[in-house]
Amino acid sequence: MPSPIISIRHLSKKYGQFTAVNDLNLDIEAGEVFGFLGPNGAGKSTTLRMLLTLIQPTAGEIFILDKNLQKHRRDIMGQIGSIIEKPDFHLYLSAINNLKIQARLCGLHPSDKELHELIEMVGLKGRERDKVKTYSHGMKQRLGLAQALVHNPQIVILDEPTTGLDPQGIIDLRVLILRLKNEMKKTVLLSSHILSEIEIIADSMTIIAGGKAVVQGKVKELLSNEDLIIIVEPENMPACAQALQNSMWHKRISLVGETNIELKLSKGEIPELNAFLSEKELKTYSVSYKRTLEDYFLKLTNHHV
Amino acid sequence: MFNLIGIELFKITTKPRSYLGFLAITLIILLIQFAFYMDGKQYLDFIFQSLQNSFQIEGNIMNGSLICFIILQMLIVQMPLLVALVTGDLVSGEASSGTIRMLLSKPYSRAQILWAKYIAGSIYTFALIAWLGLLALGLGLLIFGRGDLVVLKSDELVILRADDVLWRFIAAFFVAFLSLSVVSTFSLMLSCFTDNSITPIVASMSVIIIFTIIGTLDVPLFDMIKPMLFTTHMIIWRNLFDNPLPTDQIIKSLLVLVLHIVVFLSIAFRHFTRKDIQN
Amino acid sequence: MKKISILFLFASLLFCAEKAAAQSPKEMIAKVNQHFAKVRDYAADIAMNFQIPGVNIEAISGKVFYKVPDKFRVRTKGIIFLPKQNPYYALAMLKDTNAYTAVPGGTEKIGSVTCTIVNVIPNKDDDLILGKFWIDDARGLVIKSQLTTKSNGTIIVENQFGKMQQYALPDKMVFTVDMAKFKVPKAVAVDLNSKSKVDKNASGKGTGTITLQFSNYAINKQLKDAVFTQD
């Protein structure tokens, strides 16, 4: 089995008494899109900055491409492209000159043709000679992606890349990320605080909270339809609650609230539940569902807000 | 490394603010040369009036060398600001614009990046001095001609023969470059500590002004501090026009300036290579 | 008898010597004029040295030109200080014997030369107030002169003669000029961190000295007037 392209071992970062990242362990496989989730202040950004050597870890090790990052930094950094927080540029320069600088910083001298192809790929054709200060936010995001790719890295790290994008922009970005993975065989590390975003394109994911990884695994497994929370909002709350508690569903009840009842079921069991409620003539305002992980993540996010 | 220096120089040369210094120097020099061309004789008559009562003074006093010397005297306050305007922005400018994140996540080490910025800043400083020399001396000699240099010291008038002047000017420009290198290194050092461009520039100028004031005050308390201030030694270029040449004093000042550069660079490197990039 | 003859001879010799020594001032000046009249013009190489309080100026070499009656020009590549008076003003003045009254002023030894002092008082109201000449009457040369003028104060000129003494052309001339001590006006002197202290005991007046050393005289080569006017 091939070794992970990125391997984080016991990574920690402390600022005085405050621990931003706490004994983080993580493996990211080559060629996958990895979702890095967490509420604001969870330690995502700090972790990514440590991957990019912008921040020195207090403890732990990072291995990228089977090499220790601290010892082989020069070899590794040329293989990583990134957008951290937001893409930034020399605003007084044109897009193409910004890209040239980025390429030269990696020891490359791409031809104008290659740069134009990249510009076209991110949808900025015709604007490459304009000064970046004339660009809209969405255009800057696109250029940021071009900047991250100009030196053809194996790993692309994107920190909340959809921030500030309109719905079409978000879709375009998703298409691009999938293209990076499927066509260009790149490994993409995507950080976000929006679960649905990760669900759509990531292969694996981790949720980080309080500097620690609290959930890790394949997205399909973590966000399966086998592990749902069904929310029933009955017209007659006491009657419905009693009926469910006296039935075979009683073991699946996870919460009886003031206005709704939650049960842990799989998606396939919902029709059966509907049939039971209909049989008992228990009318409902709604029957909906959410994934347990979503619930967990929402609680995590609200707590940190 | 040359690649990195080339990138830094490209960034400097494409920033409009980099040309402010050249523009300011050009305007000031042309203004002074014009003023002396029109009214220089009156100015010199004022200086020499007491001597002219007793002697007949012959020779081309108002020549390119004198005008160049006067220009150098006048620009002594402005030049550090013009240098700090660019070098103070080298690191903090990238921090405030956010481009520092991309720069420091590239294969080049932080030390290499800072060296490249320092060298590019030094090249800029040298270009500024070279431009100053070209206009002040080159153009001055063209307009006003060659001749002996009259140095107006506060305690005496020193007249240096024309053949003895050119090497002094070249040495003075070199010393001025070294002096301004102290300023550029100092502002670069401050630039490593902040995330905005204005602070290093303002702080550099404030320090220079305060140190200069301390240097001119005749207070015994400050006599101990004065030899340690780099501003005390920045004006050593003037001693190159003394006769006889105070070689020991000049060498001592040059060493003090070099020491300041080494200290400021060391602090800058130590901080820059270790700091966490949070912005 | 023999003793009386020797005595008489000795007395005669003394009388003659005394007669010879007791030339009138005008006769001495005439002798000086006679020497210098041989020179219509000359050009020479010159080395100039300056000792002027408040001025640090290096020596310089150049060329000097003279033409009767008082055209004088020094040409060098650099800045020089010259006495305001023409160095040959005194000699030019002495030529017109009716313009002044010459009064003997005793003798004085300058170096190894015993000089007769002749005081010259202009007969009419002129810029010159008083002239004093130390004349080596044996050679008919002015060793030293002191001229006091209304416009330029007092100037002393000392001459040293060598092989050109037959033309009354010196090898060396030293001018001493009264002057107020030069100070660079504060408004133009920018001398930060200067360690120099103002000498409060220094008087406001002093003297400046200009030394001219002549060599390679070229005499009576019919110099053109343009030499004295063109830059």
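Chains here go by letter, A, B and C, matching the order in which they are written, and residues are numbered from 1 within each.
Criterion: a residue touches a chain if its C-beta (ideal position, glycine included) is under 8 Å from a C-beta of that chain, and two chains touch if they have at least 3 such contacts.
Since the model is a prediction, treat every value here as computed from it, not as a measurement.
Asks: Going by CA means, which chain is nearest the middle of everything shown?
Replies: Located nearest the centre of all protein C-alpha atoms is chain B.
Asks: Counting C-beta pairs in contact, pick out the pair of chains that comes out on top.
Replies: Chain pair with the maximum contact count: B-C.
Asks: Rounded to the nearest whole Å, what is the centre-to-centre distance of chain B and chain C, using the mean of the C-alpha atoms as each centre?
Replies: It comes to 50 Å between the two C-alpha centres.
Asks: Could you give the separation in Å between the centres of chain A and chain C, each centre being the mean of its C-alpha atoms?
Replies: Averaging C-alpha atoms per chain gives centres 102 Å apart.
Asks: Where in chain B do residues touch two or more of the other chains?
Replies: In chain B, nothing touches at least two other chains.
Asks: Which residue numbers or ranges of chain A touch two or more of the other chains?
Replies: Within chain A, no residue touches at least two other chains.
Asks: So in the complex, the part of chain A that touches chain B is made up of which residues?
Replies: Touching chain B: residues 49, 52-56, 73-75, 77-78, 80, 82, 84-86, 88-93, 97, 101-102, 104-107, 147 of chain A.
Asks: Provide the residue numbers of chain B that touch chain A in the complex, in ascending order.
Replies: 3-4, 6-7, 10-11, 14-16, 97-99, 101-109, 274, 276-278
Asks: Using the touch definition up top, name the residues of chain B that touch chain C in the complex.
Replies: Interface residues on chain B, with respect to chain C: 43, 46-47, 50-51, 53-61, 73, 76, 147-148, 150, 152-162, 164, 212, 215-216, 226, 232, 235, 238, 243.
Asks: Can you name the residues of chain C that touch chain B in the complex?
Replies: Chain C residues touching chain B: 52, 54-58, 60, 74, 76-84, 152-153, 177-180, 182-186, 188-194, 196, 198, 208, 210.
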